[in-house]
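Once you scroll down, you'll see the structures, which are given as structure tokens.
You will see two complexes here that share chain A, one where it goes with chain B and one where it goes with chain C.
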Partner chain A sequence: MKPLRLGLQGLILGIAAFFILGPVVNLALWAVAEQWFFPHKLPLVYGFKYWETVFRPTGNAVGSLVTSILIALWTVVACLAVSIPAGYALARRSLPFRALLMLAFLLPQAFPSVAVYINVARIFYSLGLNGTIAGVVLVHTVHALVYSVWITTAAFAAVDRDLESAARDLGAAPLRVFMTVTLPLAAPGVIASAIFVFLESLDEFTGTYFVGVPDVTTLPLLMFNASMQGNYQIASITALILLVPSIAFMLVVERFLKADVLAKVGA
Partner chain B sequence: MTENRLTNLLLVAPALLLVVGLFLYPLGYSVAGAFLTKDGRGTLEGFLNVYQLYSTDILFTVVIIGIATILVGLASVAIGGFLVLGTSPVLVGFLKWLYRWPLFIPFVVAGQCMRAFLAKNGLMNNTFVSLGLIEPLQAQSLLDWRGVIIAFVWKQTAFAALLVAGAMAALDRSTIEAAQDMGASRPRILVEIIVPQIRQTLAVTLVLSFVTMLSVLSVPMMVGSGTPTMITVDMAFRINSYGDYTTANALGLVSMVLAGSVAWIYLRHSLREGQPR
Partner chain C sequence: MVLPEMLDVEALSVAYGANRVLHGVSLSVPKGEMIALLGSSGCGKTTLLRAISGFTAVESGIIRLAGRDVTKLPPEKRDTGMVFQSYALWPHMTVAQNIGYGLKLRGKSKSDIAAAVTRLTGMLGLAGLEQRPVTQLSGGQRQRVALGRVLAINPSLLLLDEPLSNLDARIRLKVRHEIKAIQRELGLTAVMVTHDREEAMVMADRIVVMADGRISQIGTPEDVYLRPASAFVARFMGAENHLRMTARRGDGGIAVAAGPANGPAMLADRPGLAMGVVDAFFRAEAATLVDLGHETRNGILLAGRIVQSSYPGGTYRYAVAVGDDQYLIDDIVRRSPGDAVAVHLPDDALYLFPPQAEA
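Moving on, here comes the complex of A and B:
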């Protein structure tokens, strides 16, 4: 009875593995397929011909990659610049309607966003921000704020208050206490929030689709366009490039996002 | 002290201003835009268009996301249950490693994965043919409403299972063990003992999943070819092809009402149970 049951569980997990990993494997196959057409079950010719096309200096991909990373870095800067003071205040100071304030940062994620983005694009158009890096950074920033504000708030809340009062007792001014005690202790959580913001921006599609046109082409947009034109190799290679930072950062994020901070997120 | 409060508010103000200026203001703009023509006169034409042209698509959207949400719920409960009740450490460890994969994959990449995997000549059909499960001629492309559901469930289950499994792992194990001692089967323990205790988490997870899937533009564009289609695609079409903000905003209002009503059902339900969150 026991081996039979284990075998059955193994079979079910095997089927689950097929459906979870199959699409990713198929993507990887397309990335190294030089020729693949019906009715062949596997690519006829393997190779990296299309990788050269993608990475050619004159190709769009390198430009899009640079654009994407530039936008993601600026988004991190913008998010941290407003979230570090906000997170500190939300964690340590008394604020009226604190719960409502916290909720406000969740709203951009919790609402059907297409309707908002088309109107952001319309407003940006009149301001000359459409199709600019700055415009896309602003849209990404608002979308990612929930991560930076909530996680930095949790990070500051997890800092031991006694250490701050000890520094204060030794005569350090509040700003100095913040810069030399509070901020360094909260740094791992702040870095974790920066990672989430970076990924959120790197992977963002809908906002860029409406606000970035026609001049800003990030990697997700390049991938989408290649896919819709039926160029599966280019689309798959671009998709794989997008997956690298996602997986790499997710592997290291646990190092920065400690349990004591994690438990306080959203609280 | 009052001055201190002002400083505190000033610290939050820049972040809050971003939300107000780049989310709440466009949101208001969207709601107002649904009732205004291009030159700013009041109209109900947008809603007339929505009713005449997009009734089917609205129904289609609700059905697709409804089915996907139910499947996400079932799958995440099954995964969480296996992780909590599984007896083989190897299989439990394998599932723990396996189910998180799509979590790291953006929707737009998930769309591309599915375009390849579910195609007529995709890896899924090819595997089925190789295993002798179907004849080559029976292979059919799933790149339509079925593909959209599969892509949504594939991507969103990872997120839902993460929350659901976390809540299940935090449960007090004594009731589970007591039921086990009394000889209850594991599926029964899952349905009758574990799920009732985590239903709050499950409900929040499913509401979030519903709203997330309602906002996704890339997957229905890439996977769900043909008509009917989802209203996010219709909104993009009204803008890109006609510059018709009135109808697009009216559709946007419909999507907000859909998201809002799901949240409302959830809130009413949890209020009735006397445990609002």
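Moving on, here comes the complex of A and C:
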């Protein structure tokens, strides 16, 4: 009984590891493969030749990276500008149709994204937003707003109302209460939502493809172009670059997001 | 000209939606007095406190603070200082930052704030803890920081919402007297909310007993304890034993007819009390147990049997079955369950009221 159970557990773990780690290992191999073709199971020649290509000043990887980060930062600013007041209002005020409002932020995710973005692109085209950083930031913002609003709402809801009441009782006007008590206490959740938004923007592909191309090239677009051209080394190296901020921030988020805030997400 | 009271509440009504929780409450507190709003949960005492502090909107009525009508003012524009039941200390600030918050709001200089914080921490026994985050304090220390934070702004009115309910029973007894001493020393006007009768008796100059959104009685601790104005107040102040009897006026007093358990008796007159069926209430410690056959001219005797005995300290506590009822009686003499005894209720231990619908 016991060996059977152990064996089963090992098998399940192995399958899980294969599906999670398999693609990453493949990616890592491609990143250092200088020659690898069918039917060989492993690369024939290893090396860092393509890394040089990617990071060469004339290559567009560095430029795309800068564009990606710029767009992600602006998206964070735009999202917070909406989600801090919206999250506070949703957490504190008894708004009519509160649940409906929360769901409304989920709408952009609910429809098939290609259909949505084709139409967004059409509208942006008539507004002159196509191919601009602002246009891409706008698309990313709408897409990421659901995380941002839901997480900040949870963060504000987790702040004990008595803490705000105590400040008002001592003479602080509502805005002062917000700046000195509510916001500092909700800050970990707000920062976590900002990180989520940053990562979402960094990884976003579909919207950027329809609204940004060909004038705006982000890392995911670069990766896509490289893959389409059969340039797996460039695509893999770009993907690895994209992995770095994701992993780094995930570790930060894990520290910042406390259980009491997580419990209130979407509530 | 009559000096205005520090707090003056006039015909205050508060409703949450269609549910009215305060029905025209009126109350005055002179400067330097501490009153306790006492009642069981849901009686409206916390709502009254929140209405005074400005956190609960008022349906009708007036609240005046130091002669100024504050009924429509937001909490920050009223000069009140509230100690919250949860203390509501800001976890992202140190002890000094918590206590200095109100002074910083008022634009005091850094050195003034530091001096005030030092003075307050010294007074409250928190010296040396100024730079501690409040999350690292014990319950008693947190409570004192909450008090210090409020005292720093020297409010016209100190509001205390169940200030001791989060403390250990042993510390609570000590802190009661500490808060009372500080309030008296600084001459603060204070309103405290509590459901603990003894806490109210020890801390307050006057007690406001509340029930169902109304004031049942206002008076000194002696008043409400010895001269309860209603059956509810009598029960709430500890006279839980209840005896129904028939009485009529005669011979300069109240003649109690012999009932299923009690013999006939003469009691001193209670002016204004309607005769007929009367409910009597008495405390466990105000009655004594005597042997059957004992005779007295003071009060009532009930024949009963001990069904349970315990020793909570000081005196024995007996459950005595009298007819269908059971009473709790304290007595210093040790007796055993099963003993037939008489319960002696002295005249002044009996609070008589017209029968209540549910009693």
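Just a few scattered comments:
In this section, the second predicted complex is superposed on the first by the 257 of 267 C-alpha atoms of A that agree within 3 Å, B and C clash if a C-alpha of one lies under 4 Å from a C-alpha of the other, contacts with A are read in each partner's own complex, and residues count from 1 in each chain.
In this text, a contact is a pair of C-beta atoms (placed from the backbone, for glycine too) under 8 Å apart; a residue touches a chain by one contact, two chains touch by 3 or more.
Every value quoted in this text rests on a predicted model; they were computed, and no experiment measured them.
In the three-chain model built by superposing on chain A, chain B and chain C fit together without any clash. In the overlay built on the shared chain, the residue A:Gly10 is in contact with chain B alone; chain C does not reach it. By the touch criterion defined above, A:Leu103 reaches neither chain B nor chain C.
Looking at the shared chain after the overlay, A:Val66 reaches neither chain B nor chain C. Using the contact criterion defined above for the overlaid structures, shared-chain residue A:Leu127 touches neither chain B nor chain C, since it reaches no partner.
In the superposition on chain A, A:Pro184 contacts chain C only, with no contact to chain B. After overlaying the two complexes on the shared chain, residue contacts for A:Val45 are found with neither chain B nor chain C.
Of the two partner chains placed by the overlay, only chain B lies in contact with A:Asp203; chain C stays clear of it. Here chain B and chain C are compared by how many residues of chain A each touches, and B touches more. By the touch criterion defined above, A:Val252 lies against neither chain B nor chain C after alignment on the C-alpha atoms of chain A.
Between the Cα centres of chain B and chain C, as seen from that of chain A, there is an angle of 100°, stated in steps of 10. Once you line the two complexes up on chain A, you'll see the smallest CA to CA distance from chain B to chain C is 10 Å. By the touch criterion stated above, chain C contacts chain A in their complex at residues 53-55, 74-76, 80-82, 84, 86, 88-92, 101-102, 105-106, 149-150, 153.
The touching residues of chain A, when paired with chain C in their complex, are 160, 162-163, 165-173, 176, 180-181, 184-185.
Partner chain A is touched in their complex by these residues of chain B: 4-5, 7-9, 11-12, 14-16, 18-19, 22-27, 29-30, 33, 82, 86, 88, 91, 94-95, 98-99, 101-117, 120-124, 126-127, 129-130, 136, 154, 208, 211, 214-218, 221-222, 232, 235-236, 239, 245, 248-249, 251-253, 255-256, 258-259.
Interface residues of chain A, counted against chain B in their complex, comprise 6, 9-10, 13, 16-27, 29-30, 37-42, 81-83, 85-86, 88-90, 93-96, 101, 104-105, 107-108, 110-120, 122-123, 138-139, 141-142, 145, 149, 203, 205-206, 209-210, 220, 223-224, 227-228, 232, 235-236, 239, 242-243, 246-247, 250.
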